[in-house]
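There's a structure below that I have some questions on.
A, B, C and D label the chains in the order they appear, each numbered from 1.
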């Protein structure tokens, strides 16, 4: 039997080849830059929710922390100005620290109690970013942010193709990072906690510490995603750019892609963000051009239909593929094996209920 | 396989995207405004105004076809302007060589994202609604503003709307003139609302009023009854709310009144729309509520402005909202510049826009100053009567520019303003 | 000296006393069966021993000592550090803006080098001058951090299942609890976790130690799977196994930590006679590996066939202890189990 | 003066808390039975209030001035409750039931999708060409809800402390509803079936309980409560907007969790705590920190009571 191809490799191969077809600039790059950033944040959430089974509804907060840490450390209105690469690393580190701080008192909570605490953390983060104006510039956003320099060569914002490959590279490193963890003692401990926290504890795995490591790792990855998000805009945007809706988008990415599956996260990001950045825009353009005059009728504007289409698409996707587009596979499993019973993605959640 | 099919799907839509580009003899204008979610009500009127301006020239200038695209800088998840989308719009505009004018943005925060990009590309940007002072005026915002928005060193951003530093001051002067001694300042913690509230606060203090407190509200709260009680119990004579209809100004007004606060309530031009009256309930605004507005309300417009008002009624079968005229003005000033431009490309149009002088606009006769701001200082104060805005008085002709500047010490670091 | 001393264990859930003052010893190398009718408290006793429940009363000593973390210097230092950090961050959260303004905004001018020393000095001065109390927010930040500290401290002093497992007591579960989405070998490797040494960064960077440990642990896991007869399905999902095999996998997983004592909770439940026979052989072989076994079982053939000693529980109390022959001869035990005299 | 202010905040906090409680019960019931955070519930509640406004508009607002006000309120309550109940039931049928077997998180995404759709419907609804929607010109703008219930001060217009018929309405509708609901859940056959299904759906099915119907009934009840809440909310705040479901839902869900999710008295207790904390924080501290304080208190309570105020943590069967 022909071995199944590795979907992660396919993703990267296709992504690396794509720019050949699309010139040096265009909508394509904008969409894919978003896709890569959200794939990164999705990877972070995948560690927390997909691997370890902790439902996190506040992922945007870690993005925000990464973005603001990066901005404060690099923007020239502050004295730090550590530069792009150090800023990226440090923002990841600060993200981990934040994950640690919020995790320490709350990771003992089960399932949905943790979910609401993380959601609250998201709200608190927004409020703090808005209220501590002296430090974060409140709603003004911090800009401009530096461009990455590689050996004396600076990638300008307009150089979309270079940005594309830079993001792809960083995403690749992150995927490698996450995959290596997943396929090691650390990752096994996470998965075992998701599957059955008590049994895993009875095997000698300290649940709180393990959860904490997962939470901090996930937060760090998401924070790096947030830092890149800001770097791409050359601004943090306002704090509201990291609100609950963003957390929900990230959650949808990993569930639609396939919980606990790295390849799924990549595909989920491509589908969800792509739908947003390409399909919905195209649809609006398509119908918008036919719009005659300006009518006060709310139904006439295609923009007013976006929520509806997005919602319907979400329901349809989980209806058709409830286990996600690319469900996780077992290591070393060959095509000949019978598939595991389709309860994979419920494992995480069932945990919360039972524990 | 799913991966592949996803990518293929993405590619197909991209090919569609790529195929819809330039034709010869066409000049393209785009606007980037939040068209998804709650701001759409206002931006719709702006778009109407732009379309009207284009219709007036017959869609053609010097044989060039004027194409207009109405871009959305909001996303459905956010229901509001989205920095990512705004950045994409800016990119899209920069890479499409037929685009010579970019009308937008609605939110000052969004402008911060697209301004440097467009500036680098030398693409002129005219905003109908950005009022944040720091975008153009040195010394009023961050230390690095507005230089960071002008990486090419040239000015390519213009706005037809007076800035917060003028409007907030006008509002404070109006309150002071009414004899109020104690004033309670509220704002929505957004760039626009907070900025204008800060200007109001400083000007109010300069005018010798007692600012009881400055509070940022939670714009998503169900009601502000507790806060309204606080205002009432503080024995303030007047309240100022820096915010917009979208950031719940209606509920603030309503709760203040239902809590029994009888003093004067002043709100800025973000509330100068029918939707505000609709949200707050006409009865609650009757009498002691005032709305400042940068310009004159449609009913007070004369000359060109009156023509605009009548034309709008005819074209859209509705009264123009206060913001429609800004859209119209943006469109007209841009088209006028295209007409005057020696070369119908970005550089030519940019130069022509910058040279706009004594423009006979719907908002009066005005020019762009060295910063790209309108020289139009005319403002109006409006009240609400029988569910309609009524003109109270004209103001602002005497407003001091830079009233928002911190007087003591000369430091412009925002920290001074915020260390309360 | 006995390996495990269970002394006067009592478990109460609200008004219900599930286990009432049970005392017994476990000796090195033996197979001890704990039997009792359903509801006698056998599983609860297991849970109390393995730390899943905290016994209301009584003690479990393993090799003569209670299994728990001792409050050592490291713990004290950590607690102190967290506490101090909490206090500092509370304080910082309080006055963050003023300190920031004084240190950064006041000292920083564009295009001029930043005076770090002055900034730090200013920050310190502002921090010292700033008022400590602002209201409810610092109280809450402090509260959260303080509570977390207390909780962490308390957690550490508790007998937790992971601690007991690491001490050398491994167990299986009455209602099999495998990691169903993981493969067989991964299940065993999770069981082996307490013996693995590679840390986080070793795993990420794939240092040489990682590869060494991976090949060693995989070989051992395969050996264990072979031991229970499941080597041929090593990469299948545990959830795809038939019931009888799941029991065996659970035993392999428990053995992976090289335990001194193996606690089996009703290993034969739901098995057919031939499966029971092979299970008995398996348990014997486990003992031959030098592992001491305690098992709860209702299957009398298995209990009588392999145990060295038997403890009988009824209504949470121990009513008998002895060799299989002694128990079979004990009237009270038989009554407890069968409830009727005429069946004898 | 100080005492007046405190009493005033107390009254405001309690009234707000009661409204949150009604929504929170809807969350907690659904969670209790299928362990789903029903994201669409807040938006369902939003649509209920739009229906109420539409009815008002269709019948003519003037009809409700004078003696028939209370009748009007009852009519609105009834219509919105029926509407929300039906809609909630439909959503369960269409978006949740087919996914129940495929895991909690798929359900969650489905609920998020449903929530998006409802929000969009609310936007469209606001564009109806009706007088009450200002001719539908500004669909997205918040809508004024006519003050059917007067805002007169029952303690006399001179009193600093305001107790209005609105406050009485909130208490007068909420309390009987809660009593009634408690009766349904604890005393009736349906209630017994609901609790059985919540405990163990498989066992309940084996015992002959039609769990699908019981779950449907739970959604009906929860939806009806959301409908009641929507009318009370609209009458109390006098503004409705297509985006109000988000905050209402978040507050309510927080309340449900704070009280111990799945427990109805817990949801009420949690909601009252949140209402009071919000009022006190708005009144005595700064509004901009209110959210932070609410969630800070949530975390603090959950650290000490990991299952919420009144929640009981079921011992896991090992």
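Note that in this section a residue touches a chain if its C-beta (ideal position, glycine included) is under 8 Å from a C-beta of that chain, and two chains touch if they have at least 3 such contacts.
All values reported here derive from a predicted model rather than from experimental measurement.
> Can you tell me which chain is nearest the middle of the complex, judged by mean CA position?
Answer for the innermost chain: A.
> Could you tell me which chain lies farthest from subunit C when each chain's centre is the average position of its Cα atoms?
Here the answer is chain B, farthest from subunit C.
> Roughly how many whole angstrom separate the Cα centroids of subunit A and subunit B?
From the centre of subunit A to the centre of subunit B is 33 Å.
> Based only on mean CA positions, could you tell me how far subunit C sits from subunit D in angstrom?
Subunit C and subunit D have C-alpha centres separated by 42 Å.
> How many angstrom lie between the CA centroids of subunit B and subunit D, rounded to a whole number?
Averaging C-alpha atoms per chain gives centres 36 Å apart.
> For subunit B, give me the residues that contact two or more of the other chains.
Counting only residues that touch two or more other chains, subunit B contributes 40, 76, 79, 143-144, 189, 216, 318, 415, 418-419.
> In subunit A, which residues are in touch with two or more of the other chains?
In subunit A, residues 76-77, 105, 108, 130-131, 133-134, 198, 248, 296, 304, 306-307, 310, 343-344, 347 touch at least two other chains, as defined above.
> By residue number and range, which residues of subunit C touch two or more other chains?
Residues 52, 97-98, 100-101, 105, 110, 144, 147-148, 151, 173 of subunit C each touch two or more of the other chains.
> Once bound in the complex, which stretches of subunit D touch subunit B?
So the residues of subunit D touching subunit B come out as 1, 4-5, 8-9, 12-13, 16, 19, 116, 119, 134, 137-144, 146-147, 151, 153, 160, 162, 233, 236-239, 241-244, 246-248, 251, 278-280, 282-283, 286-288, 290-291.
> How about subunit D: which of its residues touch subunit A in the complex?
By the definition above, subunit D touches subunit A via 31, 35, 37, 95, 98-99, 102-106, 108-110, 112-121, 123-124, 126-127, 135-137, 139, 246, 250, 253-254, 257, 261, 288-289, 291-292, 294-296, 298-299, 302-303, 306-308, 316, 318.
> Name, in rising order, each residue of subunit B that touches subunit A in their complex.
2-4, 6-7, 9-11, 13-14, 16-18, 20, 35-36, 40, 44, 47-48, 51, 69-70, 72, 74-80, 82-85, 87-88, 91-92, 94-95, 109, 112-113, 116-117, 120-121, 132, 134, 141-144, 148, 189-191, 194, 216, 315-316, 318, 414-415, 418-419
> Which part of subunit A faces subunit C closely enough to touch in the complex?
Residue list for subunit A touching subunit C: 76-79, 104-105, 108, 132-135, 177, 180-181, 184-189, 191-192, 195-196, 198-208, 213, 260, 328, 330-334, 337-338, 340-341, 343-344, 347.
> Please name which positions on subunit B make contact with subunit D in the complex.
For subunit B paired with subunit D, touching residues are 37-42, 76, 79, 189, 215-218, 220-227, 229-230, 233, 245, 248, 250-251, 254, 258-260, 273-276, 278-282, 318.
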